[in-house]
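See the structures that follow.
Heads up, the next two complexes both have chain A, just with different partners, chain B and then chain C.
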Partner chain A sequence: MEKVRELVWNGALNVQFIAKSNILIDGIPENKGIVNLRIPRDTYIINYLPLVLSRIRNVLKINIDDYTGQFWFEFKDTSIPWHYPMGVIYDVVEPEYLRNSAPANDDTTLNMWKLHLNYGPNIPHNLLPLIDGINQVEKYWMHLWKQACFILNGSSKQVMSVSMKDSQIFWNSVLLRRLDNFEHIARRIVPIKPRFVPLIVHRGLSFGEVNQPTIMTHKDDGSACKILDIFVNLSLERKSSDIFICQGIQIPLDMDLTAVYNNFMSFDGFLHLVLISETHSTKES
Partner chain B sequence: MSRLLESEASSGSSGTDSDNSKVLDSHTPDNSVSRGQNNEIPSLALRNRLELYSRRLSQLGLEETPQIPLETDNTSLSQAEKEKIKNEEGPDVNSFKVKIKFQPIGSVPQIKPPVCKISATQSFSSIISFLRKRLRMENVYCYVNSSFAPTPQQNVGDLWTQFKVNDELIISYCGAVAFG
Partner chain C sequence: MIQYDEYCKQLQKCYQELRIYDDPLCQGCNILPDELVIQLRIPKMVESLCDSRSLSNIEVRIKYSQIYQEPILLLRLWEFEYDDENDVQILKQYFPKNIKDFLSLESWVQIELDIFSNDNKFPLRSPVWYYIHPCDTSAIVGDNEEAHNDYLSRWFSVFLLNWLEIVR
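Then we have the complex of A and B:
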């Protein structure tokens, strides 16, 4: 399990940030507003905004030390939310890479996710406004952990009892990519045998369709719940082409939910699954 | 918003009636007019009764009489929200509704009635905007089970299913950060 956790934690995406021409100084070529980064899947994209801005500050119209509007990222002219893990957003908007792309170990191919950086006085309506910068992100993340803890333990006591010092180490483990520190504190919150699993099911190619089902780890007859049981829980008709993706990997439907959670849990305490169905694939084409 | 969040307490209880009477008395042009005098002024008494019935109807989530202006939640709704409510009243009129129990933290006033019903398909942001309008406060911080603040986009039905206590989702609210 530790090996899988390490692989999940170190999973990363190649991202190309392209500043929109309207936020660049007039006359500056567009390639001057490009930043290429390799970003972990298990983090928030907004955490990398200061780094991206610092790299292109000399070509931006906006003074990044003093601005009143909001920056946000877009993919194919759709604003992308910052409050889901980076890898989840990628799996939601680009699910077809699993079916169509070249093998990941092909040395001649490099998958690059192209995102545009935009700026405006008001943030698009589907995004959470960021008023307090990274501090707000940290608070938001901590509230998610409290919520996950409540589902796992029946109360948020385990998170509430984490000291200020440890909570800072916990958050820094996400920023500085320290898996040992993260696991050390996460294990104090996540019980060995939880009754319920904090689960969020996203629908492929759509940010609005999100379900947070209440799903037990074991059924009434004592048997372990499988990924397949999520269809029943969500009252969905299962099609043969339906697949669940987690951390960029297709999850077998007969896998125990607890095992999936323990191995693929996200850094916010939730298990994020992306459901890709045939209808979603045809929607894009 | 009264369609979004319907009053759980019905107007049948005598306590509610007396409360309403007090409110209505304060709204009459002349507060010094006694009940006996009201009988002597039929038009004033009739208006009071109409206002009382209208208020009861609005508490039940039914439409109030249009010619009597009352300070119901609908008056503070934007056109877009009214349209949204109107659309929901069509095919989705029988959608599942869940109970929300509001608990104030600190010096914030208790909203009345404290228990409301809301469609399970609504997002948590509708509860936040309801409280902001009802309390007339710029910022309202909401917490579930005095523990965590959900995301505004989270589905109320999902929250109710996961965190309900005695079939009620308990939402504490405050004018400042209460649980960091």
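Then we have the complex of A and C:
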């Protein structure tokens, strides 16, 4: 399991941030507002906003030390949320890369996710505004861990009893990419045999369409719940082409839910699965 | 903790008995089988902290959390903004720097912003709400078996009515 956790933790995306021309100083060519970064999948994209802004501060119309509006990211003119792990957002909007995986595995090509940086007095209505800067991101993440803990243990005590010092180490493990510190504290919260799994199912190519089913790890007859059982739980008719993606990987439908959770859990304590069905794919084309 | 069916039953009872719709601050009240939505006027105490802002109302929503198996209280603030381009007044959400101080909430209240994405009934409306964290609700409200029939009534008292008394 450690090996898989390491691979999941180190999974990363090449992201090209492009400042929209309306936020660049007049006359500045677009290529001066570009920042290329390799960013872990299992983190919030908003954690990288200060770095992106610092790289292009000299070409922005906005004074990044003193601004009252909001920055946000867009993909193909659609604003993208920051409150899900970055890799999940990528899997939701770009699931086709799995169906056509050849370019990604070719040594001569580089997959680059192009996102636009935008700014305005008001954030698009579907996004969580940042009122308290990066502090708010940490609080939000801790709130998700409280939820995850409640689902796993029937109480948030395990999170509430993490000391202030360990809580800071926990958050820093996400920012500084220290898997050992992360696992050390996460495993104090996640029981060995949970009854329920904190699960969020996202629909591919459809932002905001999510389900948070309450799903037990074992059925009444004692058998382990499989990924396949999520269809029944969500009252969805399964089509032969339907696939679940987690951390950029297609998950076999006959895998035990607990095993998938233990291996692929995100840094927010949830298992994020992206359901891609043929109807979603054809909608795009 | 309260089971969903019991919550729905007690919600209807509280709506009838607590008569929040008669409160002088209440502009409107909409009861659904498992939700209560209340539009409140801006209380005087809050208005005094607004500076030059023109606040419209506070929208309060009580719904059931399947995760915590508790009622949860969501709220958001609306303010008027003049749209010069179209020469109309519009409503937009207001996010004060410190919501807890702004609303004079009690010290034990943990309030955060969150997205309630499952609210697909009104896809064009903002899914962003402040919510009061429910993880200590049972301890705050008191959860013994004899008093369980009044669980939601006590919850209303602690989470909403006390606050209305303070700020009105």
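Note that in this section the second predicted complex is superposed on the first by the 281 of 285 C-alpha atoms of A that agree within 3 Å, B and C clash if a C-alpha of one lies under 4 Å from a C-alpha of the other, contacts with A are read in each partner's own complex, and residues count from 1 in each chain.
As a convention for this text, a residue touches a chain if its C-beta (ideal position, glycine included) is under 8 Å from a C-beta of that chain, and two chains touch if they have at least 3 such contacts.
Just so you know, these numbers come straight off a predicted model, no measurement behind them.
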Is the arrangement of chain B and chain C around the shared chain A a clash or a fit after superposition? clash
Could you look at A:122 and tell me whether it touches chain B, chain C, both or neither (first, second, both, neither)? second
Which superposed partner A:136 touches (first chain B, second chain C, both, neither): second
Regarding the shared-chain residue A:214, is it in contact with chain B (first), chain C (second), both, or neither? both
Which superposed partner A:147 touches (first chain B, second chain C, both, neither): both
Winner on chain A touched-residue count between chain B and chain C: chain C
Mind working out whether A:38 is in touch with chain B, chain C, both or neither, as first, second, both or neither? neither
Which residues would you name on chain A as touching chain B in one complex and chain C in the other? 83, 128, 139-140, 143, 146-147, 150-151, 156, 160, 210-212, 214
Touching residues (chain side chain A, partner chain C) in the complex: 81, 83, 122, 125-129, 131-132, 136, 139-140, 143, 146-147, 150-151, 156, 160, 208-212, 214
Touching residues (chain side chain A, partner chain B) in the complex: 83, 128, 139-140, 142-144, 146-147, 150-151, 155-156, 160, 196, 210-214
Using the touch definition from the top, list the residues of chain B that touch chain A in their complex. 144-145, 147-155, 158-159, 161-163, 180
Under the definition above, what is the set of chain C residues touching chain A in their complex? 66-68, 92-93, 95-97, 112-115, 117-118, 120, 123-128, 133, 135
